[in-house]
Structure formats: structure tokens, C-alpha cells
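Structures are listed in the sections that come next.
Shared chain: subunit A. Partners: subunit B in the first complex, subunit C in the second.
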Partner chain A sequence: MDAEKALEPGAPLLYEEWGDNLIYHGDAKFGDVEGAFARADLVVEGTLVSNRHSPTPMEPRAITAHYDPVKGMFTIWVTTQFPHVFKTYISQVLKFPEDKIRVIAKRVGGGYGPKSHVYPDDVAVLQLALKLKRPVKWVETRTENLQVTGHARDWKIYYRGAFSRDGKVLAVSIKGIADFGVYGPFWTEIQPALVAQAQAPGPYKMQGYEFDLYCVTTNKAPYAAHRGFGRPTGSLVMERIMDGAARRLGLDPVEIRRRNLIGPNEMPYRQVTNIVYDSGDYPKALETALRSFDYQGWRRKQEELRRQGRYVGIGVSTYVEYSAPSSKRLSEGLGWKVGGYDMVRLRVEPTGKVKFFTGQSTQGMSHETIFAQIVAEELQVHVDDVTVVEGDTEDTPYSYGAWASRATVVVGGAAVKASRMIRDKMIKIAAFNLGVEPSDVDVARGWFYVKFDPLKRMPFSEVARIAYQEVHRIPMDLEPGLEVVTTYEPQVYTTASTAWHFVVVEVDPETGKVDILKYYVLEDAGISVNPMTMHGQTHGAVAHEIGGVMYEELRYDENGNLLNSTFVDYLVPTALEVPNIEVEHIETPSPQLGGWKGMGEGGSIGAPPALFGAIEDALSPLGVKLDRAPLNPENILRAIRASGAS
Partner chain B sequence: MSEIGAQELMHVRVKVNGQWYEADVEPRTLLIDMLRDVLGFTGPHIGCDTGHCGACTVIMNGRSVKSCMVLAVQADGSEIMTVEGLEKDGKLHPLQEAFWENHALQCGYCTPGQLMSAYFLLSRNPNPSEEEIRKGIEGNLCRCTGYVNIVKAIKAAAQKMADAKMS
Partner chain C sequence: MRPAPFEYYAPTSVEDALRLLEEKEGAKLLAGGQSLLALMKLRLLAPPALIDLNRIGGLRYVREDGNGWISIGAMTLYDELEQSPLIRTRYPAMHEALYRLGDQQVRNRGTIGGSLAHADPSANLPPVMVALKAQLVAARRGGERRTIPADEFFLDAFTTALEPDREMLVEVRLPPWPPGSGGTYMKLSKREIDFSIVEVAAQMSVDGDGRVKESRVVLGSVATRPYRATAAENVLSGSVVDDALAAKAAEAGTKDLEPPSDVQASSWYRKEVAKVLVKRAILRAWKRARGVEQ
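Entry: the complex of A and B
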């Protein structure tokens, strides 16, 4: 039940044929690590234990399957984040022809990662349906959900950071032991652990970086994708190192971070891990955040409150969230049979109404709104005239689905590309009918017009009608109709969002209870399509990890029994625990189409280190050091006792 | 030993969203299951099995209840209001409008319960403080919104309803 013990010689073996309990062991070294540690004025060392928890979407998993022997069609309604991938995978597993499978995933009640898998129980339902030739339905209970779906973040980490006297980080060394439980369902495998290791260096320049990673099998539930996908763990370690170094060097935690940031003129930046960040202005983001949050004001207030005997602390964190990975990273770099592109279909109907088809599925990310906005902007039609169709493999193009904060970047880019293809064709048709050259025509607010004589114009809907119904009014070299299918993939290695989180907490050292007094996030995810839905995702992602790092912990006894498998004892934060989260956004555009960067998972990356820092800062008069999540009263009181203060 | 059969079923009458319905259900049938599976009111959702998530919240005789914690037979003779009952004559309830305008839902799974808890709160306290709103929806879990915009929406709806009363 303990991943570290499972590595010891003579430990009982879970899969005897393996000879050990290791799913994966890998290490990598970038730059001059030994030299940096030899030259260092300060070496920060420590351990960190992060708690197994699960994102628990409010709708548990559900699947209904129906095999129609007459048509030979196998129709599956399932709560999945990737209907097309689901179809491909089960076709291989069941040896059932893929073209006879239809997967429908409309309006799924929350995803956050665990629904980008295919689970053995899904396959069992499908086999039953094929065997019985009757519809079969299975709905996961909450208990089943907590037992097997979405476990993640279960790590023990040993870290070292080399610093110069002036607070520059020279190198970082991480040994991570990740408890993966039994070997996991398709298709996450050990990727979150690799992502965690790639994530750590974040926005900081360093000469050397190394990791040593052990992914261990134990008698726990399988590891799953979980909002942030390893990034929260990687950034938590890095930010703990920064906080530790700041304390030892007597620097403000903001100042030490400021001194190590990659500069805006260094973009695109090849991080020590060889991951290339496309764009970003980390110092500008920091200075904006400091002003808006009123950092100096809060430090003064903290001093005042401390004099009154109150334990108030301020935490800060930052990270780079590399999102929407390219084919270069996925299929070439990682060897996955996965593309970094997505495919869309766009149709302007004879009435001028627009339909946009994507193979994505939505679990609440406002796809219907933002894709419609993007298409409406490009075609200059009203957003209500654009309908987004998704979540059914039968009427949408192939898609790799919703993960890695990729939908806006990749599908949004494809939407721009498809819209421009249709727009160019419509401009040609309009020019033909207006008796001018296509280069003389533009479109604005539902009208195609002649640039030098804007009163010469045709309604958008009229051009659409002609394209279908009056072929003689279409230039000879064009086909009738207005429908395109196209793919798009960002030309950058990955789009890199960033954020700064600032949080103020008050801790009761008698009970270990923590109150969040203020939570502020400055986010830069490039161009914002819709600030309201964007901020909404940040609120949710922050709340997720307020729960994850303070309340939620899946605990096992020594015999492998999960001790908390209901919401009675697995504590999801309510409206009383989550504060009002203030979000501000600045825009450093990505150099690719649309200028967007992924952001749906970012809040979950920033929250854990900010809360660690804030609670430790609140208890700093007692000399408390925190190295174990969750930061619940039990662990906080244990840390206070360990400091010898009470 | 008695057989399990029709004689074991209980006859239940409930008024849902203004209309009376009758059904024969097993004694162990939960109100949520009767609403969803027998009467077809699929607005209220099931998100847990212990009465903690609140997705199944409905109004029963003027009070909010978690319909997974009520047996259908206990509801016999009751007046029930589900989320489907909020809309009147094709017009959304001010709470629904406020949820839309303030982006108070993302996946929408918890929303029917949030709306009914908010409806109950505003029926008792038309002008709640932020703290009172947070207490009012404490029994409704949400994993998408961090509650930020739900709280905002309930505040906005209270204002909207107060303005409507004034005019």
C-alpha cells in the first residue's frame, strides 16, 4: 500500500511476472546539474507528500449500449471526453468494425480528466449488449466513482534546489515516487508523471535540471487523468523550492521569483527541458498582479494583524501551463498514436445560417458559445446564427477530444481556417454578382460590400442562397454549395499560458482550521474569446484544488480498503469553503492563429503552491514547515507540533 | 412468505408543478426515482447516494428537500416543484435568467438543485447577504464554478425580483 516500500528489495510483488513493482522508471538530466550544485551558495532540500484525490464530476460515469442486429450498428451513449477516440479504441478491443460503431456523448456533467479513459466496466457493458442483443445501461454510483474513477496526485517527492546568494536558481533535482495503483485504464498510463517532471521548471531560467522518476504499482485504484494532468504536482515542487530558498536567503517570495523569470524578449524560449514556450511576458504579468492584488498593502495589513495575535499569511505561486501539444510532441516526441490537430466541418446553409461541426464533446466548457463566437466573428454574422454540433461520431469529423486545455486553441484555430475558406468563396461569389474583383469585396455585419463603394452590397444570406440555388451566378471555377472540412494544428510546439496566484489565509493554530480571506488570480492565456466563460473555468479550477489540497484525500487502510468512498467522508468543498475568487486577465497573444492559449486547467496548477505558501507564512511565527498535503487540520496541527511550538 | 408482486406496490398521488399525478411504486422507491423514472421529470439529477450533493433538490410543500432522502410514499399527497416548474408561460424564472446572465453554470449537472435551493432561500429571505446565500446553497455541491458566479447570480436574481415587485 506504500509505493516507497513497494520498491524495497523483497517487497511483495503485485504482478509476479514483472519481478518488481515498477511500472516505469526513467531519469533525465538537462544542462550542468553537478556543476550548478557544486557552485551553489545555498542548497534547499526537502520532501513533499501529495495526497491522492479525485476530481469527482457531479455526474458519475454512465454508459448505455445498443446493438441493432438488422443494421449491424452498435450505438453507445457514454459520458466521455473523446467520443471518436472511444470508438477507435473499443473497435480494437472488441474487434468490432469501427465504421459500425456510433458513440454519442452529448452534454456530459463534468469531466476534468477521468472521462478521457475507457474503463474495463465500459467494455463489460459493451460485451453484454453485444451478447444479449438488447440495450444495456450502467450508471456508476458515487461510491463506485470514488473507489475507481479519477484517482491522482499520489506522490512522494525528494527535491533539491541550488541557488546563488542573490537568489538565482541554478539547478533543480527531483526524485519522484508516484503511486499509480493497479495498472491503469486506456489511455493515460504514466503520462501525468512525465508531465509533472516536464512542468517543474515553469517560468524560471536555470542551467541544470534532472529528475528521477519511479511509477510504482500498488493495491490502490488506478491512476487517472485529473485536471492539470501532472502539472499541479510539478509546479507544487518547484514553488516549494522557491519558497524554501526565499526563507533561507531572507528574500521576499515575490522577489525571488521575479529574479528568475524568463524575459519577454527571450521568447520563444527553449526551457531547460527542451520544451519550447511560444510566448509570454512573465514580469509584466507579475507587476500587474502585484498592483491589482495590492501586495504591499496586504503585507502591511498582515503585520498589523500579527500584532493583534492573528495568524495571517500570504501565498504566491506562478507556473507555465503548456497546453495544446503538437503532433511533434505527441506522436514524434512521446510516441503516442495521437495527433495534435483537430478536424472540423463548417457549413453555411442556403438560408445563411451557419452550422459548425466538431468531434469534440462538452463537459461544461462553453464550446457552443466560443466556437460560435469565433465563426461569427470571421464570417461577420450574428452569433445566434451559428449552431455548434458536437458529441456524436456519426455527424462530426474525427477529433482527439477535450484534454490538455486544447479545444479553443486547436478547434478554434480550425474554426478560423474553415471560416476563412468559406468567406473567401463567398467573396468571390459576391464579387461576381456585384461586377467587381474579389479583392474589392469585404464582409461586415452580414453584408458583402464593395470597399470603394460600400453602398454596392449584397446580404450574406443572399450570397449563401445563390451558392446553392443559382449556379449560373457562381464563377465558373467554383463548385456550388458552401461546406468545407479542414484540419488545423498550431505551428508552435505548445502554447504556454501563465498565471500568478495570490492568496491570503488565516489559520487558527489551536484547531488547525484555515480560512481563505482573499484569492486573486492574474492569468495570461493569450487572446480571450469570452472573458466570462474563461474566468468561470479559472474559478472552478481553483476551487478544485482548494478542495484537493485542503480537504480531499482518498485514504486506504493497511489491507487496501478505501476508507472514504462517499461524500460523507470525502470532503468536496461547499460554497462555505470556497471564497470569492477574483480573476484578472492580460493578453500576450500566441503567435499562431487566433492568438489563444489553453487555460482550462491552470487554476488547479496555481492553487496548491499558493495555499502551501500562505498557510506556512501564516504559521511562520511558530517556525512551522509544511511538507504534506492535504493541508487539513490534522496535518496542520501535526506540523505545528513538529515545530515544537505548542 | 409473501410474494413480491402487484400487491406490494403502493399507490402514491403527488402534485408536481401544479398537476396531479398518480403512480404505483414499490415501498422502497425514492422520490427522486419516482420523479425521474416514473413521472419523467428528469430535471432533478442524481450525483451521490448519501444526500450530500444536492443535485436532486426539489421543493416539497414549500420546503427544499433532497429528493433522494425522501421515500415516494412519504410524498403522498404533497405538492412538489421541480426545476421544470420554474419556467412560466415560456418565460424563464428570474433565477434562471440570472444564472444565464452571470454564467452560473458550466456543465449544468448541479444547476437544477442549485436553482431549487436558491428558490427556497429567496422565498424565505428575499434579500440575503452573501454569507446567507452561501449558507443557503451549502448543501449543493458544484465542481465547475467554484460557486463564485452562482452566488453572484442569486444576488442578481434577488435584486431583479425586488425590482419587479416595486414596479
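Entry: the complex of A and C
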């Protein structure tokens, strides 16, 4: 039940044929690590234990399968984040022709990662349906969901950071032991652990970086994709190192971060890990956040409250969330048979109404709104005239699904591309009918008009009707109809969002209980399509990891029984525990179509280190160091006692 | 999760409910259902029959009797009690316990009688009842009534002095505390809506100089039944309370505790927090008794 002990010689073996309990061991070294540590004025060392927890989507998993022997069609309704990938995989596993499988995933009640897997129980349902030739339905209970679905973040980490006297980070070295439980399910397997290691350097410049990664099998549930996908763990370690160095050097935690940031003029930046960030202005984001949050004001207030005997602390964290990875990163870099592109279909109907088809499925990320907005803006039609169709493999193009905060970037980019293809064609048709050159025509607010004579114009819907119904009014070189299929993939290695989280907490030093007094997030995910849904995602993700780092912990007894498998004892924070979260957004566009960057997971990356830092800062008069999540009252009180204070 | 099959009865009088309780072996009385139904859904309980008390009239009230006692019908909802000005002004400890009980949905359905008869060692109200010296009225068939002091009512985890299959709780009676009395309820839980990790109810009366005449300090979640910290009460007796005395009383009152460990907290942590909460509760109860704090 303990991954570190499972590595010891003579440990009982989970799979005897392996000879050990290692799913994966890999190390990598970038730059001059030894040299940096040799030159360092300060080496910060420590351990970190992070707690296994669950993403608890509102809707647990569910699957219904129906095999129709007459048509030979196998129809599957399933709560998946990737209907097309599900279809491909199931076809391979069941040796069933892929063209006879239809996967439907409409309006799934929350994903957060674990629904981008295919689980053995899914396959069992499918086999049963094929065998019985009757519809078979299975709905996961909450207890089953907590027992097996989406466990992650179960790590023990040993870290070292080399610093110069003036607070520059020279190199970082991480040894990570990830408890993968019985296995890592299709299709992410050990990827979240690799991502955690790649995540750590974040927005900081450093000469050397190395990691040593052990993915260990134990008698716990499988380690799954879970909002952030390893990034929360990687950034938590890095930010703990920064906080530790700041304390040792007597620097403000903001100042030490400021001194190490990659500058805007260095973009695109090849990080020490060889991941290339497309864009970003980290110093500007920091300075904006400091002003809005009123950092100096809070530091003064903290002094004042400390004099009154109150234990108030301020935490800060930052990260780079590399989102929407490219094919180069996925298939070439990670060796995964996965594309970084997505494919869409766009149709302007004879009435002028627009339908946008994507093979994505939505789990509440407001695809219906933002894709419609993007298409409406490009075509200059009203957003209500655009319908987004998704979640059914039968009527949508192939898609790799919704994960890695990629949908806006990749599908949004494809939407722009498809819209422009149709718009150009409609401009040609309009120009033909208005008797001018296509270059003289533009479209605005539902009208195609002549640029030098705007009163000469045709309604959008009229051009659409002509395209279908009056072929003689279409230029000879054009086909009738208005429908395109196209793919898009960002022409950058990865889009790189960033954020700064600032949190103020008060700790009861006698009980270890924490109150969050203020929570502020500055997010830069490039151009914002819809600030309201974007802020909603940030709120959700911050709440998600306030839960993960303070309240939620999947605990097993020594016999491998999960001790908390209901919402009575697995504690997801409620509205009473989650504070008001202020979100501000600045825009440093990505240098590619749309300028967007993914951000759906970001809040869950920033929250854990900010809370660690804030609680430690609150208790700094007692000299308390925190190295274990969850930051629940008992663990905090133990840390207080361990510091020697009573 | 689904409960196992069960028979359902909805009597309209206490007498009928008691008759059914006697006749149907293993039957459970259903009040607000906030514990019972959850346990049945998890199949931790599978009673063959439920006797629903919600259609019995005349068990939902809060009223002041002539002699200063307050009587509460067993089927009175937490929410109704929380809203009651009588409870809030006369028994702030009870008001605080109700205010911090579950969430609004639970308070809209849960009943005082259901909670006390269920006797969960972590429930909010049992320690308060002991601290306030409540009297609990049990009914038997034929209109017979028996009054049980709260001290003697809670026997063990989920076990009360009610005679199985023969008695049901119909009323809670709270005695008047003299002028110069005050009390409080404090709990520590990870989330506000959770059962407590530790909870304390403290009630005391003081003389004109602030010396403690009588006090009751009762903990929950630390034993299988409400734990009266008599050692703390003895320290307080006859003294004016200050920080040092409260700490001394807390130390004495929690010294012999051997709280349980579970998935939410260890025994060690419960004992540490018990000490802190007892100290704080004593201070606040005393200040309220002195009228220097609300």
C-alpha cells in the first residue's frame, strides 16, 4: 500500500512476473545540473507528500450499449470526453469493425480527466451487450466512482534546488515516486507523471533540471487523468522550492519569483526541458496582479493582525500551463499515437442559419457558446443563428476529444479556418451578384456589402439561398452549397497560459483550522472568447483543488480497503468552504489563429502551492514547515507541534 | 444506492405508532429520516418495517410552561428550533448547536426527537441536552409517560434508555436556568456541514461576583456517549473564571479522555482539540453568564 516501500528489495510483488513493482522508471537531465549545484550559494532540500484524491464529477460514469444484429450497428451511449477515440479503441479491443460502431456522448455531467479513459467495466458492458443482443446499461454509483475513477496526485517527492545568493534559481533536481495503484488505464497510462516532471520549471529560467521518476504499482485504484494532468504536482514542487529559498535568503516570495521570470522579449522560449512556450508576459502579469490584489496593502495588514496575535498569511504561486500540445509533442515527443489537430465541419444552410459540427463532447465547458461565438464573429451572423453539434460519432468529424485544455485552441482554430473558407466563398457569390470584384466585398452584421458603396449589399441569408437554389447565380468555378470540412493544428509547439494566484488565510494555531480570507487569480490565457465562462472555469478549478489540497483524501487501510467511499466521509468542499474568488484576465495573444490558449485546468495548478505558501506564511512566527497534503487541521497541528511551538 | 425492501406504516396517533412498534418486530420509527434513510440506503440498516411519525399531530411545538420550563415536541424540526426566539434567548448553546447542524436541507427535515433517539455520538444536540439538564419524556401504550434525565438517557453509541419496541420519545423539557446563567456550543469539523470531530456544550450560572455556582461541560464525538467533564466542572466550582482557570479546567476535564480514531481525525487530535474547545467554551459561557458577551 506504500509506493516507496514497494520499491524496497523483498517487497511483496503485485505482478510476480515483473520481478519488481515498477511500472516505469525514467530519468532525464537537461543542462548543467552538477555544475549548478556545485556553484550554488544555497541548496534548498525537502520532501513533499501529496494526497491521492478524486475529481468527483457531478455525474459518475454511465454506459448503455445496444447491438442491432439486423443492421450490424453497435450503438454506445457513454460519458466520455473523447467519443471518437473511444470508438477506435473499442473497435481494437473487441475486434469489432469501427465503421459499425456509433458512440454518443451528449452533455456529460463533468469530466475532469477520468472520462478520457476506457475502463474494464466499460468493456464488460459492451461484451455483455454483444453477447445478449439486448441493450445493457450500467451506471456507476457514487461509491464506485470514489473507489476507482480518477484517482491521482498520490506522490512522494524529494527535491533539491540550487540558488545563487541573489535568489536566482540555477538548477532543480526532483526524484518523484508516483503511486499508480494497480495500473494506469488507457489511454494516459503513465503520462500524467511525465507531465508532472515536465511541468516543474514553469515560468522560471534555469540552467539545469533533472528528474528521476518512479511509477510504482500498488494495491490501490488505478492512477488516472485528473484536471491538471500531473501539472499541479509539478508546480507544487517548484513553488515549494521557491518559497523555501525565499525563506532561507530572507527574500519576499514575490521578489524571488520576479527575479527568475522568463522575459517577454525571450518568447518564444525554449525551456530547459526543451518545451517551447509560444508566448507570454510573466512580469507584466505579476505586476498587474500585485496592484489588483494590493499585495503591499495586505502585507501591511498582515503585520497589523500579527500584532493582535492573529496568524494571517499570504501565499503566492505561478505556473505555465502548456496546453493544446501539438502532434510534434504528442506523437513525436511522447511517442503517443495521437494527433494534436482536430477536424470540424461547418455548414451554412440555405436559410442562412449555421451549423458547426465537432467530434468533441461537452462536459460543461460551454462549447455550445464559445464555438458559436467564434463562428458568428467570423461570419458576422448573430450568435443565436449558430448551432453547435457535437458528441455523436455518426454526424461529426474525427476528434481527439476534450483534454489538455485544448478544445478552444484547436477546435476554435479550426472553426476560424472553416468560417473563413465559407466566408470567402460567400464573398465570391455576393460579388458575382453585386457585379463587383470579390476583393471589393466584405461582410458585416449579416450583410455582404460593397466596400466603396456600402448601400450596395445583399443579406447573408440571400447569398446562402443562392448558393443552394440558384446555381446560375454562382461563379462558374464554384460548386454549389456551403459546407466545408477542415482540420487545424496550432503552428506552435504548445500554447502556454499562465496565472498568478494570491491567497490570504488565517490559521487557528491551537487547532490547525484554516480560514481563507481572500482569493485572487490573475489569468493570462491569451485572447478570451467569453470572459464569463472563462472565469467560471477558473472558479471551478480553484474550488476543485481547494478541495484536493485541504479536504479530500482517499485513505486506505493496511488491507487495501478504501476507508472513505461516500460523500459523508470523502469531504468535497461546499459553498461555505470555498471563498469568493476574484478573477482578472489579461491577454497576451498566442501567435496563432485566434490567439487563444487553453486554461480549463489552470486554477487547479495554482491553488495548491498558493495555499501551502499562505498557511506556512501564517505560521512563520512559529517556524512551521509544511511538507504534506492534505492541509487539514490535524496535519497542520502536527506540523505546528513538530516545529517545537506549543 | 437503494434500501432493502421494507414495509411502511403511517400511523396518525402516538398510540397507534406504539402499537405498531410492539407488533412489527425490528420496526424502526421514522422521524426526519436524516440518519435512518441514509443508513438504509447504504444498507448498513435494513429494518423490515418503518413507522412514519410525520402524520401524528401535536408533536411539533415549542412552548413555555408556567413554571419557566420550555417544552419541545419530539417532531419539531431543527429549523423551527433554530428560528425560535425562545431558544435563542434562553439557551444560546442550543441555538448555536442548531445553527451549526448539518446544512439547511438537513435542518428542514431533521427533528430533535429523531436526533436524540438515534443517539449518534457525534450529533450536535445530545451534549447540549446533558449540559442544559434536559428531561426527556418517553411515551408508552395507554397514555403512560416516563421522564428520563438527559444524563441517564444516552447509554452508548446509538443506544438510549428508551425501552426497545415499547417506548418512543415524545417531548423534550428544558429547565429554567437562573438569572446570571450563560452557555455556548462549539464544534470543530473539517467542513461546516460535517459531523464534529470534537464538540463541546458548556452551561453555567454565576453569582454577583462572577463566581461559578453551577456548571456543566459536556463533550461530544470523543466517546460513545456525551462525556461530562466533571473534573472541569469541579475546577470551576466557586471560582471566578479567567484564561488560566479555563485552561486548568480544560486540562483536568479532558485528561482521562480516550477518544476514537477514524478517517477524519486521530485520537490524539481529538484530545488536543477537546482541550482547546473546552477552554474556549468555558470562557465564553462564563462571559455570557456575566452578561459581558453576547
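In the analysis below, the second predicted complex is superposed on the first by the 646 of 646 C-alpha atoms of A that agree within 3 Å, B and C clash if a C-alpha of one lies under 4 Å from a C-alpha of the other, contacts with A are read in each partner's own complex, and residues count from 1 in each chain.
Convention: a contact is a pair of C-beta atoms (placed from the backbone, for glycine too) under 8 Å apart; a residue touches a chain by one contact, two chains touch by 3 or more.
What you see is a predicted model; the values in this text were computed from it and never measured.
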*First (subunit B), second (subunit C), both or neither: which does A:Thr141 touch?*
both
_Let me test your reading of the model: by the given contact rule, A:Val542 touches which partner, first (subunit B), second (subunit C), both or neither?_
first
_Partner chain in contact with A:Glu59 - subunit B first, subunit C second, else both or neither_ = first
*Return the chain, subunit B or subunit C, that is in touch with more residues of subunit A.*
B
*Contacts of A:Leu455 with subunit B and subunit C, given as first, second, both or neither*: neither
*Touching partner for A:Met476 - first (subunit B), second (subunit C), both, neither*: neither
*May I ask you to decide whether A:Thr566 touches subunit B, subunit C, both, or neither, giving the answer as first, second, both or neither?*
both
*Should A:Ile581 be classified as contacting the first partner (subunit B), the second (subunit C), both, or neither?*
first
*Both subunit B and subunit C touch subunit A; at which residues?*
141, 143, 566, 568, 574, 576
*Spell out the residues on subunit A that touch subunit B in their complex, using ranges where they run on.*
55-60, 107-112, 141-143, 363-366, 532-533, 536-537, 539-540, 542-544, 546, 566-568, 572, 574-576, 578, 580-581
*In the complex with subunit A, residue positions of subunit B that touch it*: 45, 47-50, 52-53, 55, 103, 105-110, 130, 133-135, 137-151
*Which residues of subunit A touch subunit C in their complex?*
141, 143, 510-511, 513, 551, 555, 563-564, 566, 568-569, 571, 573-574, 576-577, 632-634, 637
*Can you list the subunit C residues touching subunit A in their complex?*
1, 38, 42, 103, 188, 190-194, 197, 263-266, 269, 272-273, 276-277
